[in-house]
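Notes follow once the structure below has been shown.
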Amino acid sequence: MTDVVLRTERLFKNFGALKATNNVSLDLRKGEIHALIGPNGAGKSTLIQQITGHLASDSGTVCLMDEDLISVGPAERARKGLGRTFQISSLAMEHTVLQNAVLGALGQRGNVMSFFKPVMKDAQLVSAAKAALAQVGLAEFAATRTADLSHGQRRQLEVAVALTLKPKAFLMDEPMAGLGLEGAQQMIGLLTDLRKEAPILLIEHDMDAVFALADRISVLVYGEVIATGTPEEIKVNPEIRRAYLGDEVPA
Amino acid sequence: MKRETWINGAALAVLLGVPLWAVMADEPFIITLATRAAIFALAGVGLNLALGTGGLVSLGHAAFFGIGGYAMGILASHAQSYAPIMEAPFLIEGTKSMPVIWLVAMVTSALVALVIGMLSLRTSGVYFIMITLAFGQMIYYFAISWPAYGGEDGLSIYVRNGFPGLNTLVPLQFFGLCFAILCLALVLMNAIHKSAFGLALSAARQNETRVLSVGMKPYHLRLVAFVISGAVTGLAGALFADLNRFVSPTMLSWQMSGEIIIFIIIGGVGRLFGPVIGAMIFILLEHTLGGLSEFWHVYLGALLLGIVLFAKGGVIGALAGREKAHD
Amino acid sequence: MTTLLFIEQMLNGLQFGVMLFLMSAGLTLVFGVMGLINLAHGSLYMVGAFAAAAVAAATGSFVLALMASLAAAALAGALIELTIIRRLYDRDHLDQVLATFALILIFSEGTRWMFGSFPLFLDVPSVLAGPVTLPGGIQYPAYRLSIIVIGLVVAAGMFGLINRTRIGIRIRAGEADREMIAALGVDIAKLYTFVFALGAALAGFAGALVGAIQSVQVGMGEPVLILAFVVIVIGGIGSIKGAFVGALLVGFTDTMGRVLLPQVFGLFLEPSAAVSVGSALASMLIYILMAGVLVFRPRGLYGVA
Amino acid sequence: MKLRSAALAAAMALTGATAQADVKVGMITTLSGGGAGLGIDVRDGFMLAVKQAGRDDLDVVIEDDQRKPDIAVQLADKMIQSEKVDVLTGIIWSNLAMAVVPAATAQGKFYLSPNAGPSPLAGKGCHENYFNVAWQNDNLHEAAGAYANDAGLKDSFILAPNYPAGKDALTGYKRFFEGDLSGELYTKLGQTDYAAEIAQIRASGADSVYFFLPGGMGISFLKQYAASGVDLPLVGPAFSFDQGILQAVGDAAMGVKNTSQWNKDIDNATNAAFVDTFQAEYGRLPSLYASQGFDTANLLISAMVKADVADADAFRAALKAAEFDSVRGDFAFGDNHHPVQDIYVREVIKEGDVYTNKIIATGLSNHADAYAVDCKM
């Protein structure tokens, strides 16, 4: 199991009587895209939040490269190598696109307590940020105020910021939502290459994208993983067809 | 050059020009007013790092202003009476030297800001406003009932403290000193604003989750900002006490905290020169409206209301439009 | 301290707490529903007290004075809501703090302009003047007992209003989701005006009730305002239940602190130092309480996360 | 706000070169916000005397300090630097006086205090240019202690706010009171509810209560005390029983003994004329503060008659002589330039619909303050 990068074991989370996450154990291996699918309210975002540490787990562990991260907060986990994109864009809206990317590069480098050097003139940070922007296709928007970006561009910027962190694993919460056909195609192309840099745990509603991208798929229903397998295995699994794919609703 | 830069330059020119004119017109009181404006501006510049850049609405910054004032009052009063502050375990004597007083004022305010910040920053939003108010009130009531340094009567210093090479009793020289410190603070704040820390702090105000997700702790960023902010406001307090040659718990009152916020809002939140322009306008209003009517607070209130309701972004915002200070 | 005196002091704590609840109920309601920090709440308290004093002086009737306080404060509240406050709902807290701070200046000096600089006279009604003897022989002012009763009735009324009535349902819905309530066809602007006027009326009513045993003067609202904020922050802003618990907590802490701290310090300090240190600490005590609560529960006792 | 009582420079020129320069007075007092009533009374009393004197070489500039020490300091700077005043006066509160007076006198200006008399300025911090025309802060409390002895009170419960003037007050009372103290309490400054304190008074077994709670605090305390059913005799300084606030206290104050260096029934011609003209001019009874403002102006005018303000030594000597008709009757300065005067005991009564005071005894005769010995002038 040396190629396991990220692993959760027996994760639980209850909101009152609701079992949002129920005994979830899954892993993310080197070089793969592992998609997490399930109907609305199945607890996909809750699970991601538990892995990134934005939400405290009731019990269970989250291990990155065999290091248990369950007791540390989200900032620590990000520094350890969890790069995340959000379901609803979470960016510094008054900053420029480049500033947001530099913020990520700064987080990757570590020493934020620098008070006198102009950060936007730090060649190392700026070139890392620009490289990430170029990779997602936002190079020409570097000087744009983030609030003025389109919805899809913000998605791309989310990914770019995650890239600057040079993470060991990506966690992406619906990176293709609202992108349109062309944008989605671009993103699929991007993610296809990205898995070589670090494996991706992907939440996605767009089933075409999931089946095009994923190496493995886990199905989450009522907080529980009911199956994990290759796209082919999942496609033919009758239980899943009944529980999920049969009454699929477009997101 | 951007329009805001022109406005900033004009503000500094006016603040520097008025006292120079006053010397020629033999209106020494105008110099005192300008000094007061410069000092209030400095206090606002301090708060603006926490409030404008960091989004931390502190209604307790009078605590640091007052602590700076008392640092000056206590040191100078001991020097005046030749009584050491403490003899055991080691001797600490009072002093009338401004640089030493400033250092003590800043370090003390920073330490208190560290403690208050560590506790207060566990909360956010309205709760943060209120918990900082609570700490301010604690220190205020402590100062009133603590008899050693005058309680509510405050502490008077007979002669202004000294600065090597200057005669601080000459109004223009003391003004020059305060003005120089203000400029230094503006340069410093500008640097901080453009630094890695400034970028992260301002991002934490806009989106806390984003900052967490790139591996930074907003709590630490805010705490550092709060401490720097407290230290600068504390320095302003020491200067203010020296201007008046007097310090009292009034400097610690919650109305004082409110006034510092007012300077910032009049000028423009998060703008480097917001507090400078705000303080100048406030002093001007206080001086002119106060002469018009016994009930001048009514007009002051109406004016503030107008600024909040109709001039979003303060005076700089109204003049410079929506260009942002960030680049 | 004898048991009897201790019980009397507990009663004083309760009474002070109930008084604080009257002052803060409106403030927490307005914050809970509209998300507005209203520093001018203390001014509405003052408006109520002045209206009561003016009417009492003209008619001699305390009941009429109380009604006048309700009417005047509700009117003043509705007026500023319609002209100014409603522009602030969508603003950040900073703008709200500053705008309502400006209102304090206007109200205070406006009142001084109308009524002059000297305190006004407002006395308790003669039926309630003087003390009554409680079981156990405690002499307790009849008016203070009435304040306890009235305060508890108002508290019960507030709970009833929020939990049992149509308007309460709307208020709760408004707290939860402005758009939803608008979708339900409720005129949200009218609802807000009503809630603000109600909060103002409560403040004015408290001003009149308390003004009868305190001093009716310009500036009487500010100390009350700070106390009311301490109360609702401890309780959790927006929660009526929190305001009630917070008020009692502050009432008991402050009263017992004032009484006990000097005695506690008397155990190991010489008398004059003990009195001095004890009193100093007592005057800081409620702020220490508030900071303590917030450090452990950053959103107050009953605040929602 | 600026008032100029004097004629214009042109008028001066017409009358030819006057022997003496004009005297310019800067009055810094509290005219807005809480406590404005006191400043307004001092101002009105002062200006009444100025008007009656009818001197056109006396120029008064009045400014509002908002009861903020830093504003007071700023105004003092302005008056000294820009208005070039010779004499400052008007400050109501001790903490403001402490902020302004040392610096003003150090710059060679005269300061005449119409109200505040903090102990440092009477003792170690006394100054030859500082004259207090009202009282040293402890005086009225000392007289109350002396009166309590005379009245046969053996055991007092005493309370005051926890700030310097409050501590001075209780110290002053204790300096003269010979009985026991069943309780000594410091309340929070600005406190409005006294239920807990009154319960302690009831339980203490004292035979009398002495309290110093100025302004709204006193109103609250008196109302609550009256409703509590505790019937121990109350004694206080005049501040809580003054004309301005008595009407707000009402019946709760009836019969309470309080100490004052002035009352409207002091029997002398100056006082009778003052009470009448003040009422005629302003439509209300004069208060203690108004009487102090009136005396302050008359002291100043008496010095102007005798000396030129430009000759500081002569002017100072003229002030020190205090040869004016005080509404208090005899008035003299001690070595530390604080009054040596009689302090009376008054009782609150009702005249028609108006609550007021009448003198029932003399608490202390020819009383100076305890700090004079520390003053090296």
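Annotations for the structure displayed:
A, B, C and D label the chains in the order they appear, each numbered from 1.
Throughout what follows, a residue touches a chain if its C-beta (ideal position, glycine included) is under 8 Å from a C-beta of that chain, and two chains touch if they have at least 3 such contacts.
What you are looking at is a predicted structure, and each value in this text was computed from that prediction instead of being measured.
Between chain A and chain C, the least number of touching-chain steps is 2. When you average the Cα atoms of each chain and compare centres, the chain farthest from chain B turns out to be A. Here the chain at the heart of the shown protein, by mean C-alpha position, is B. Taking the mean of the C-alpha atoms as each chain's centre, chain A and chain B sit 43 Å apart. Look at where the CA atoms of chain C average out and do the same for chain D: the two points lie 35 Å apart.
Remark: chain B and chain C have CA centroids separated by 32 Å (rounded to whole angstrom). Looking at chain C, one finds that residues 108-109, 112, 276, 279-280, 283 touch two or more other chains.
Residue positions 32-33, 162, 167, 186, 188-189 of chain D each touch two or more of the other chains.
Among the residues of chain A, none is found touching two or more other chains.
Taken pair by pair, the chains that touch are A-B, B-C, B-D, C-D. Against chain D, in their complex, chain C makes its touches with residues 1-2, 5, 8-9, 12-13, 15-16, 19, 108-109, 112, 116-121, 123-124, 129-131, 139, 141-144, 210, 212-220, 223, 255, 258-259, 262, 271-272, 275-276, 279-280, 282-283. Those residues of chain D that touch chain C in the shared complex are 32-34, 36-37, 40, 162, 167, 184-190, 192-193, 195-197, 199-200, 202-203, 215-217, 219-220, 223-224, 226-230, 244-245, 247-252. Interface of chain B with chain A (complex): residues 191-192, 194-200, 202-203, 206-207, 209-217, 221, 224, 324, 326-327. Across the interface of their complex, chain C is touched by residues 51, 57, 59, 119-120, 122-127, 129-131, 133-135, 137-138, 141-142, 144-147, 254, 258, 261-262, 265, 269, 295-298, 300-305, 308-309 of chain B.
Chain contact summary for the complex, chain D toward chain B: residues 1-2, 31-33, 63-64, 68-70, 73-74, 77-78, 81-82, 94-95, 98-99, 102-103, 106, 118, 120, 162-165, 167, 186, 188-189.
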